[in-house]
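Two complexes follow with chain A in common, the first pairing it with chain B and the second with chain C.
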Partner chain A sequence: MIHFGYGVMADATTDYDRNDRRIAEYLLEHEPSVNLCIGCGSCTAACSTGRMVEFNIRRLHTLIRRGETLKLKKEIMKCMFCGKCQLVCPRGVNLRNVILTINRALEQTG
Partner chain B sequence: MINFNLFVLPFFLGLIYVVFAIGRSWYRWIRSLPASDKVRLTTMFRQPRQVLLALGEVCTEALLHRRMWKRNPLLGYMHMSFALGWFLLIVCGNLESRYYSGSHLNAPYYPIFLKFFIHDRLVIFFEVFSVPGFFRFLMDLLLLFVLSGLVLAMVKRKRSKWFGLKRTAEFQLTDVVSLTCLWLIFPMRLLAESFTAGYYGSGGGFLTQSLGNLVMTVMPFTSEYIPYSMWWGYSLVLGLFFITLPYTRYMHIPTEVLLIFFRHAGIRPKKWYSGFSDAEVLACSRCGVCIDVCPLNEAGIVDAQAVYFIRGLRDQYVPESVSRMCLLCGRCQEACPVGLHTDSLRLIKRRELVSGQETDFSWLASAAPGPVALETRHIPRQAEVAYFAGCMSHLTPAVIRSMRRIMDQAGINWVQLDEDGSVCCGRPLMVAGKDTQASQLMEFNKNQVLATGARLLVTSCPICYRVFREDYNLPVRIQHHSQFILDLVKTGKIPLQAHFRKVAYHDPCDLGRGSGVYEAPRELLTKIADLVEVGQDAHNAQCCGGSLGIFTATQEQRNDMAAAALDVLLENQPEVLATACPLCKKTFAKQSPVPVKDIAELVCDAMPNPVYCSASGQSRRAGSYAT
Partner chain C sequence: MYKNIIIVGGGIAGMAAAAALSEIGMEVTVLEREKLPGGHVRSWDRLFPTLRAAKEVLDFLNKSLGLLTEIICDIEVGSIVPTPGGYTIHCTNGDIFTTGCLVLATGYDLFDARKKEEYGFGIYENVITSADLEKIFREGNQVTTCGGQVPRRVGIIHCVGSRDEKVGNIYCSKVCCVTGVKQAIEIRQMLPDCEIFSFYMDLRMYDRHFEELYFEAQQKWNVNFIRGRLSECAENPDHSIILKTEDTLTGHPLKLTVDLVVLLVGFVPGSSARKITGSLGLLQGTDGFLLPADEHTAGNRTLLPGVFLAGAVKGPACVVDTIADGRATAVEVYRYMKHSEVAK
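And now, the complex of A and B:
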C-alpha cells in the first residue's frame, strides 16, 4: 500500500476484490428487485422493528455488498416480517422476499 | 359351463393390482396419522350416525358431484354421469350376473363380461317386464348415461367455456395415457356388447342389440373372433386404466372417499405433513376449478395455482418460488369441489422450507437503545377495551384517528396497545412458515393484552384479527373494528348523521373467507351509505393483490391484480370504495380513481360535527360525496 502518511483502521476497510459476494449474487439472482433500491430509507423509516430496537433494513444492503455475513446474520434475525417496508417502498422492492432469500443464501453459504 | 376365458386376465390382474395399491396407500396414510387422529377415526366407526353421514356425503359428492353441479350444471352432469353411471353399472351388472349364475359369489370379471358368457335368447319386444329384460334395458340405459358424459368430456376439451371453465389444468403424460384408457373403456364395452348381440342375434338391450343388428346388416360377419377381439380390447383398456390409476389423477376416485371419512371423523389439517395431507393431495382430481378463481391469472402467473402446487406436492417437486407464489386469499379453497385445504397445504410446504432458519426477538424482553424505550411499553394502562391497530394501520393513520374519535365519542374506556408502533401480531411470520418464531411475538402481545385487564380486544387489521382469534387463545373477546363499531351503533352510542351515496364494499380476504365476517361490515355500511352491488363479493371476492401471503410476486404483478380487482369493484360506478383492511386500502389507493376508505373512516365522517377523519388530501373532497 502506498504510504500516505496516515493510518487506515484495518477493521473498517472493505476489500472489494476479496470480499464474500456469494450472498449478493444469490440475492440478485433470486430476487432481482433488490437492484431497484435507491437507498431512500423509506423502509427503515416505516420499520416496526426499527422503532423499538437498533435495526436498519436499508443497511442490510450495505452489509450484503460488503460481504459482512456475520453482522448480516445477526441483524436479519430481528425482522418481524410485517411488510410495512415493502408497502412504502417507492421502487417496488420485494422486501419480504429479500429477507427470505437472504436467509436461504445464509443457509447455503453456511 | 366354466365362465372363464383368457381375455379376462388383463382386467382381472389390473383389478387385483389397483385394489392392492389403494389398500397399501390407505394403510400408509392411516398409519402416519397422529395418534389423536387415529383415535378420532376409531371413535367415528363406533358411531353409526357419523358413518351414515359420511356415507351420505360420499353419495352426494363422490357420486352425484353436488358441488360441481353448483358451479356449473353441465360440468356437474359430466362428472356425475361418469361417477354415478359407472357405479350403477357395477352394481346392476353384479345383480344381473347373480340372476344368471344363481349364486352370490361370482368371479369379479363375470359381471363385467357377462354378455360374452351369456347370450340369453328372449323375445326382444316387451322384454322389459321380465327380470333379464329389465336388466338389459337398465344396463344399456346406464351405458348410454356414461357415454353421454364421455361425449361431454370430449366437448369440454375443446370448448371448456361451455362448462364454466376458462382454463383447464394442463396434462402430464401419465394423465394422457390414463385418460385415453378411460375414454376407451365405455365405447369398447358398447362395441363388444353390440357385436356380440349382433352376432348371436340376441342378448342385447335397446342400445346394444339395435347397434349389433345394424352392424350385421351393414357388414355381415360370420366369425365370432370379431366380437371376441372386442372383448379383448375392452379387457385391455380396463386393465391398463386400473394399473395406471394409482399414478394418475384418477387416484382421486378412491381417495376422496377416504378423505370424506377423515373429515367426518373430525380430522383437520395439521401444521406438518401427515396422512391427512397425503389424502388431500391425492384426492385432487385436477378438475381445474381452482384455476379460474385464482387472482394470479390477472398477473399472468399460470404455474402456481392450487392444482399445480398440489400436483407438485404429489410428484415431490415444488419449486420454492411456487410455494411462495400464493396470496393465501382462500378463493380456491372456497371453490374446490373436493373441499381441499389448499392454503394449509401451501403453509405446510412453507414451514418445511424455512425449518432451519432462526429469528432473534430477544430485544422484546429487554430495554433497547431504540427511539422508544421498551419498559414503558410493558405496562399498558388498565382499560375496558384494548385497541390493537396493527402494523398496517400505522401506514393508514386516518384509520387509527377515526377509531380513536369513535371510541371517545362512545365514551369507552380504551387503551391503544401499539400507540408507539407495534410488535407484529405474528401472522406475517406464520404465512412465511415461521410459526415457532411467531410464537415469541404472540407471547409478548398476549401479555400486553392481559396487562390491560380488558375484556374486549379490538383490532383494525383483519390479519391481526384472524391470528388473535385462531392462534392466541386469549381469554378476552376479540372483534374486528367493523363488528365493534356496529355494536356501538346498534346500542346508540354513536350518533350518525351523514349518509353517503354509492359505496362499494370490498371484502378483505382474512376478514371474509379467512374469518367468516361478511355481514357486520355490510350491515354497518348500510346504516351510513347506499351500497352498490359488486359482481364478485363475499365468498367470491377478489383479493386486492397486496396480500402478505405472497412473496415472489413482483410489484407490477401485484398492481395487475389490484387493477383487476378494482375493475370488478368499480363496475357499478361507486363514488367511494370502502374496505375494512388497512392493507387493502393502501393497495387500492395507489390505483383507484375513486377515494378508498376504511369503514371506520366512513363512520367517523358520518358522525355529527364532522372533524374530518379521513386523510387530509381526500377529506377536502369528502363533502362532495356526503349528502
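And now, the complex of A and C:
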C-alpha cells in the first residue's frame, strides 16, 4: 500500500446518534438538576481547579450530556470538591453531586 | 357620544380597542378581512405562559364588544385616501366608508419559512412550522411524522426569520422563544416518550412567568436546550431529518437525527399594512413595521390627524401587550374626538 504520509483524522463532530450516552443517562437519572444548566459559566468562573489548570466544568458536563466521554476520566479527577460551583449556580444545579455521580457512572460503566 | 370610528382589522388589538370605545359610549365599525374576528389568536390552542385556552380570551373579547360595535367581516380594505376633514376607505368589494377617525389594527404576517431554504420547509415533509403545530393542537390531532408515526425525537428551531440579516429581518420577534418552550412542553405532555431538542441562540424569556416556564421545561419535562443556530436540515431516506449545528457550549459541531422539525416562525410586517401605508403615507421603521408619532410618549398616535395604530402593526407583540395596546388606543381616540373639529 502506498504510504501517503498522513492518516484519517477522527471526526471532530459530536454525533449524537452514535455517541454512547450511558453516563449521560445515569447522570440525568441520579442528578436531574444538571438539566437546569443555562450555560452561564458561573461554575467555571468560580472553580478552584480551573484557576490553576485547564478545567472547565460547565463545558465538561455539557459534553457528557451529549455523550462525549473520551477524555472524561482524566478530566473529572481534577475536581477538588470545594463546592464553590454549586454555591454560585443561579439555577440550583447540585454540581458536587453531578461530579460524584459522574464518578459513580464511570465506575459502573468501566 | 362620538360616532363613526373605523377600526381596520378585527384581531385582538382591534377587538380590544372596539370594546373599550363602545364601553365609553362611542360607535365603532370594525372591518375584518377574514370570516370571523380574532386574527392570529383564532389559530392558537393554548396561550403562553399559563397554557390557558386561547378561545377563552377570544370569547371574552367577543362578549365585551358591546352594542355600539359593528363588526363587518369578509371585507378587505384596498386603499385609504385622505379627504378634507377625514379619510375615505375603499374596500376591494367596492364598498366605501368615510370617517374622521381611523384605527389601524391590521397586525402582522408570519414569516414564510420557505425563504430559509436550508431548513427544508416545503421540501422535506417532516419539517413543519410552529403555526402548523399549533393547528394540530387546536384541532385536537396527534403529533405525527409525515408517515403517521409517533415521533421519538422532535427538533424545535428558534429564530426562524428573526435576528437574521440573510432574510432581511434583524429584529427579534419576541414571542417565539416562549412559544417554543410552551410547544416543547405540550409535545412532552402528549408524547411522554418523545425527546425534544431545542436549538436556540438566546432564550429571551422577557415577561412575567416566562422564565418559570423555561425552568419547568428543563426540570419537569426534560427538554434538551442546545445553544446554537441550526445550520441546515438534510433528509434521510426514511424521511427523518439530520440537523447540523454548532453546540456552542461545548465548542463542537453537532449532528443529530430527529423525526420531526418544528420551525418557530417570526413576525413580518403585514401585507395589508403595507398596502395602506402606500396610500396614506404613514411612516415605517427600518424593520418595515409602522411607526407611531413617538415611540415613548405617543405610541398609538401617528403624524396624521385622526389616524391611530393598535397592536402588532407596530411590531412583534404578545397577546397580553396587544390587548393592552388596543385599550390604550381607545383612550387616545377618545382624547382626539373630544378636541377634534370632526366630532363637533
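Worth pointing out:
Methods note: the second predicted complex is superposed on the first by the 100 of 110 C-alpha atoms of A that agree within 3 Å, B and C clash if a C-alpha of one lies under 4 Å from a C-alpha of the other, contacts with A are read in each partner's own complex, and residues count from 1 in each chain.
Basically, a residue touches a chain if its C-beta (ideal position, glycine included) is under 8 Å from a C-beta of that chain, and two chains touch if they have at least 3 such contacts.
Note that this is a predicted model, so its numbers are computed, not measured.
In the three-chain model built by superposing on chain A, chain B and chain C fit together without any clash. After overlaying the two complexes on the shared chain, residue contacts for A:Gly39 are found with chain C alone; chain B is out of touch.
Legend: residue contacts after superposition of the two complexes on their common chain; A:Gly83 is shown touching chain B, with no touch to chain C. Closest approach of chain B to chain C, taken over C-alpha atoms in the A-based superposition, is 12 Å.
Comparing the two complexes, residues 33 of chain A contact chain B in one case and chain C in the other.
Here chain C touches chain A in the complex through residues 203, 215, 218-219, 222, 224-225, 227, 247, 249-257, going by the rule given at the top. Within the complex, the chain B residues that touch chain A are 320, 324, 354, 356-361, 363, 368-372, 374, 377, 391-392, 394-395, 420-424, 428-429, 432, 434, 441, 546, 548, 551-556, 583, 586.
By the touch criterion given at the top, residues 33, 46, 48, 50-55, 74, 77-84, 87-88, 92-94, 96-97, 100, 103-104, 107 of chain A touch chain B in their complex.
Chain A contributes residues 12-17, 28, 32-33, 35-36, 38-39, 58-59, 62-63, 65-66, 68, 91 to its touches with chain C in the complex.
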